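Take a look at the structure set out below.
As written, the chains take the letters A, B, C, D and E, and residue 1 is the first residue of each chain.
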Amino acid sequence: MRFVLHLIEIKKGGRCLITVIEYSRDFFREVSIEEIDKLDVVINKSKVTWIRISDLKDRETFGKLAEKFKIHPLTIEDILNVDQRPKIEEFQNYTYIVLKMFKFDKSSKELSSRQLNLILGDGLLISIEEEKSKVVDNVLEWVKASRGIVRSMDADYLLYLLMDVVIDGYFIVLEEIEDEIDVLEDELTSNPSPSLLHMIHKLKRQLLQFSKNMWPLREVVGTLERSGQRFVNPQTTPYFRDLYDHTIRVIESVETLQAILSDMLDVYFSAVSNKMNEVMKMLTMIATIFMPLSFIAGIYGMNFEYMPELKWVWGYPLTLSIMLLIGVTMILYFKRKKWI
Amino acid sequence: MRFVLHLIEIKKGGRCLITVIEYSRDFFREVSIEEIDKLDVVINKSKVTWIRISDLKDRETFGKLAEKFKIHPLTIEDILNVDQRPKIEEFQNYTYIVLKMFKFDKSSKELSSRQLNLILGDGLLISIEEEKSKVVDNVLEWVKASRGIVRSMDADYLLYLLMDVVIDGYFIVLEEIEDEIDVLEDELTSNPSPSLLHMIHKLKRQLLQFSKNMWPLREVVGTLERSGQRFVNPQTTPYFRDLYDHTIRVIESVETLQAILSDMLDVYFSAVSNKMNEVMKMLTMIATIFMPLSFIAGIYGMNFEYMPELKWVWGYPLTLSIMLLIGVTMILYFKRKKWI
Amino acid sequence: MRFVLHLIEIKKGGRCLITVIEYSRDFFREVSIEEIDKLDVVINKSKVTWIRISDLKDRETFGKLAEKFKIHPLTIEDILNVDQRPKIEEFQNYTYIVLKMFKFDKSSKELSSRQLNLILGDGLLISIEEEKSKVVDNVLEWVKASRGIVRSMDADYLLYLLMDVVIDGYFIVLEEIEDEIDVLEDELTSNPSPSLLHMIHKLKRQLLQFSKNMWPLREVVGTLERSGQRFVNPQTTPYFRDLYDHTIRVIESVETLQAILSDMLDVYFSAVSNKMNEVMKMLTMIATIFMPLSFIAGIYGMNFEYMPELKWVWGYPLTLSIMLLIGVTMILYFKRKKWI
Amino acid sequence: MRFVLHLIEIKKGGRCLITVIEYSRDFFREVSIEEIDKLDVVINKSKVTWIRISDLKDRETFGKLAEKFKIHPLTIEDILNVDQRPKIEEFQNYTYIVLKMFKFDKSSKELSSRQLNLILGDGLLISIEEEKSKVVDNVLEWVKASRGIVRSMDADYLLYLLMDVVIDGYFIVLEEIEDEIDVLEDELTSNPSPSLLHMIHKLKRQLLQFSKNMWPLREVVGTLERSGQRFVNPQTTPYFRDLYDHTIRVIESVETLQAILSDMLDVYFSAVSNKMNEVMKMLTMIATIFMPLSFIAGIYGMNFEYMPELKWVWGYPLTLSIMLLIGVTMILYFKRKKWI
Amino acid sequence: MRFVLHLIEIKKGGRCLITVIEYSRDFFREVSIEEIDKLDVVINKSKVTWIRISDLKDRETFGKLAEKFKIHPLTIEDILNVDQRPKIEEFQNYTYIVLKMFKFDKSSKELSSRQLNLILGDGLLISIEEEKSKVVDNVLEWVKASRGIVRSMDADYLLYLLMDVVIDGYFIVLEEIEDEIDVLEDELTSNPSPSLLHMIHKLKRQLLQFSKNMWPLREVVGTLERSGQRFVNPQTTPYFRDLYDHTIRVIESVETLQAILSDMLDVYFSAVSNKMNEVMKMLTMIATIFMPLSFIAGIYGMNFEYMPELKWVWGYPLTLSIMLLIGVTMILYFKRKKWI
């Protein structure tokens, strides 16, 4: 994972996938078109028009789109540059919102992100996915099936729905990371290897990257929640307030996970020094037992002429017994000290 | 304890326990009903109506409740989702407040929480407990017995009373955690085991979770204290200001306990390295005493033909004496260095 | 010291000590009464009335006091609950201020606090001490002796005087703690024992408790300093501004002492690992000197038949000389490495 | 690198390089002059006048410049003092902006900076480079080639372009530092030498210096973005908002790199203590294997007369076999403990 | 250095040194008087009157001064109490500013401070130095010599000049500290002694004390810079803005130095544990070489009757050769592991 953000990377070739969805309380139409020129919609307040672009590969399309809906060139740049932070920008005739969708890859332990661009106008929502996304599919199904109150609400409620599924996705990602942490935690006390330390730091960085996106997201949702926002009806405001609550909870979960990882570093270093302690204890025990014994053996290995013990018949077995006694005493001593 | 917050978990089956309490200065009535349909109350300013729902298990009940009292669907969602942070939300015809009640389990050393939902309207308070709670029982007794000024006050004072008992409960939880910390502290210097480190981190996380709920609580109480709040009479404001003070003191206690746990980590690592020091000292003493002695024994174990000492009658006892002298000197040296 | 704050502890039995002081530029009267019923004062702007209650033991007295001066029941609760943080609360007819007076016990190294309650009305100051306090005595003497400008000022200046002596007392407490720190610092490098670590943490906690009271105090003084405060005349404002300065200096001193204690932890751990280093050096020196020597002795302890050195007359003394040489060389080597 | 900022260092001698560029939608003129006296331009709103001074060596020139364009003496001081933080200052007839351009020297691992001063007036931009800079050349080319919309915009857009290329340069610098960090990271686990620690600290300091410039830069761009800024047209505002976004991303990248370096310190200390662990294991293994063996040898080196084993024919080979057995057992034991 | 700030210390005896300077564009007069009674000046807007008091030893003088210029008693207290933080206080007829001048003593490595009090009135500046200061002398010379624009500006510009030289002095102090740090840094890797740690902590504390004065100074300058300040003319505002910039740079330099000292602590602990590593390596090498050798010697020191090797003529030299081989192999092994 590279951390320095890269400049605009324009994707060429290929083609966008454009779906136009129009709906009101009793009306639903979904049309897929391949070229932006064929797009022919009338925007009015009596229905919601949702233009979904799900696979952005073509710069030209956006040029035409920009012309049709009077979108500022900078917004087009931001859409094509998939390296944005979540943000909200108000323009004269629309509000532009950038969201990030995250995925946690369990094998490489890395977070990847996809950008979701949302343009909210009067009775109009344009959504541009970096890659076709399942969560947007789900919302489309939801609208098609006329579930909840979506069909009787305005385009701002559709925006709410899309943001809601994106933020719900964060909880799933965080749970996957939490599972990963649980696995590490088990290994931590049993085998505190340097590679484990590496894994802890890696997860810490993923969470850091993740949390870097959450703070601006909070601002985005906070802006939408505040009343007086253009294109957002007062009766939708409580929903954004609810979303704001979710965002706060995501942030708190991230902070808790970060605190756990921090604690794990503590435990790691503690486990390492415990191991050292074990090694040192072993060395000390060995030395404490055998040094006195070797010393006794050394004494009776001296070549003095007048060493009466050497002549005794019981000298040797007695010495061996004393050595045994010393050894056993030492072992009992270490047992009582709970070294063994 | 899982730290990533989970999405709405709707409890099905079972039945709610509904109690309707109506009171004014000279009047008190308490009726228990089993079905919301049988609820038949007239809300007016001449008395306080308290609807207590104490065991939420039934989704439908809330649907009917919402209809009767014009409660926003999002509030119903929040009530059923027992994973809320403390918060206050103003709606057109009521103010919705979420509180958490905590319990510290001494055997598992874990905090658990129960949600208390409060809906304050004009002359009306609806309280919804996740589980029937003793502290709410106490408040009911208090009202029944007409203690203090509660019977001559409005519904906002009842809200104050409920919040007061909940916040007083926090002090009890914190004292239990403090007792736990005291136990750990005693063990810390005597036996700094890795499991102790684990316990310290566990308590740290419980406190972190706890404190995560205190900051939004402060905001909730702060909002109620500020004048200009609907449904809160000016003469009740000083009581909420008092509550605010209590909240601040809870937060300060949490911070102090967190600081103590942090210090305990310091002490833990210090105790571990002290133990290492002890081990090393022992090794060094053993080596320092026996290495020179073994060396002397080694000298007189050499097989040179011309070693006059070996022929002396006093050679052996003299050597032993010298060894004894060296040993004793060493021990005295270590005594003076306070190693023993 | 328990850190979780306890709930109201009502002291029963006993009796309050009430002194009524009335003064203006040319007038001074001091009357001690035993029962609040006998209190008979007329409050007017032509003189200052100071009611000093210096030993609160009686709940009833306050009930009567509250009635006489229309004091809110919550204020009475706060006075009786001696576990308040410094705070200022404005009521319709008076401003209520809580201060803490600290004492540092040199033998137990613990801070204890006493509460001082001040009620400022129009031409009236009621002071309630938890325990009779010398600093309040001093202010009384000051007024009696008509020192400074106090007799020509209003009740707000008397409030200033009382606050000033209390805050001056903080500097004395901090100096005592600083002396304690100096003592610890001397011991730190000479004898870094675990009990020293314990003492550092203890002082850290005392300072933490202390500083927890300073931040709200700053707010209290800041509120009084701001113009537009009821019962505070514009010409007294500069005095409160001066007090605010003192408070800031107290806070800075606390922070500096905390930083010093933090540094001392560094030094402690450094001193511990230095000691370990010393131990390791000793072990290494002993092993490095005696292992080669013992090896040489071992060689000539071998029983090979054809070892010509053993037959030489000079074999033994030469070997001893070589051993001596090796030993001395080693010692010189360690001297040059500055291990000895 | 010295970190205390130095006072004004006035460069004497030499000569400034002055280029005057005038352009509008259909018009472009570029004139190089050597002396400020020869400068003869008419500033009006129908075209943009860009005075580029690209090598400031002459104090006098600025005196004359100041006179011509009514520039405040303090601005002149700031231009000559190349030790400024990024800042924006509004004067009556112009806005003065200081930017820093950074270069990372891969061999010395040091950041150096060059100052770019920009004076924005009505239809006028004066740019003063500390040293002739390529990025400014590029902007000049861009204007000459009439790329993008620059020729149809006002002087504020030219300011935007210059700031944009400067900020884009930051990403390049950060990538170079990131490459450096990657190199260090590889070395970290293989060879944790003190010189590596030194390198980590060095990079940390470079990033600190860098980030110290980013926060005021954010303020500068934020000021320009806010509407109501003189000399900045409303249609240019979105471009500055875009620039603000870039600045935030630079800051986030810096913070991420700083977090990585912090983690590396962790890893470094972990690697050092791992090495120590390895050393200790080796010592313990050697001692554990050879101490018992030497002890056995010591036993049969004793000179007791009655040691029956010594007389056995199989005594010696059996003893050797037992020793071998012990040695092999120990080695297997350490293998199982994964020490080898 | 004592860190708890002390209360007012009134210096008695001695005499103040008073100089009265009056100047306008074409007029300059300097008079030294010994007693405040002899002071006889007329303050008007046509000229600047600077009263310089440079050695405050006499309490009475200030009483008279206060009377003459209507200075508030609290200001007099602040002047006599040389333990102030930098601050600005507005009174009805003047603005009172406290600055600190620092000196770094290279031998004791301690910062000391002197207080400079400034009272700015309408056409009047009173400066009171704790001790006669060279930097104030320099400003006087500057005015006398009519350098720069000082003679054509008002008293606020004189204030600016005095503050400018004081703040410039901070850079010099910081450079001296930086030199000190450089010296420590060199010693750090070569000889990480506990006394070095002590020095690092000492410098850290000096910087802490220093920085504690910089934050309020920033406020002081920030207040002066803001327009709408009495006694400060709009055309002087840019000069105070420039001063504000300098203050920010001082603060940043302090922070950088603090970061460097923090890093040095890292390096210190790393160097200590590196030393330990060295010691351990030495011990391990010695043990690893001599333990196997001694074991071999031990084997051939055994007294078995049937040890054929002992009878061989080549037994002894072969054993010695094997020992040599083992020793050399070990040394080569450690060389390859880069321990030697």
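In the analysis below, a residue touches a chain if its C-beta (ideal position, glycine included) is under 8 Å from a C-beta of that chain, and two chains touch if they have at least 3 such contacts.
The model shown is predicted, which means the values in this text are computed figures rather than measured ones.
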Would you kindly tell me how far, in whole Å, the mean C-alpha position of subunit E lies from that of subunit C?
27
Between subunit C and subunit D, what distance separates the C-alpha centroids? Give it in angstrom.
44
Residues within subunit A bordering two or more other chains:
273, 276, 280, 283, 287, 291, 294, 298, 301-303, 307
May I ask you to sort the chain touch graph into line, ring, star, complete or other?
ring
Ring topology as an ordered chain list, initiated at subunit D and continued via subunit E:
D, E, C, B, A
For the subunit E and subunit C complex, residues of the former touching the latter
2-7, 72, 74, 77-78, 83-85, 87, 89, 91, 194, 197-198, 201, 204-205, 208-209, 212, 265, 268-269, 272-273, 275-276, 279-280, 282-283, 286-287, 290-291, 293-294, 297-298, 300-303, 307, 309-313, 315-316, 319-320, 323
Residues on subunit B engaged by subunit C in the complex (per definition of touch):
168, 171, 174-175, 178, 189, 238-239, 241-242, 245, 248-249, 252-253, 255-257, 259-260, 263, 266-267, 270-271, 273-274, 276-277, 280-281, 283-284, 287-288, 291-292, 294-295, 298-299, 301-307
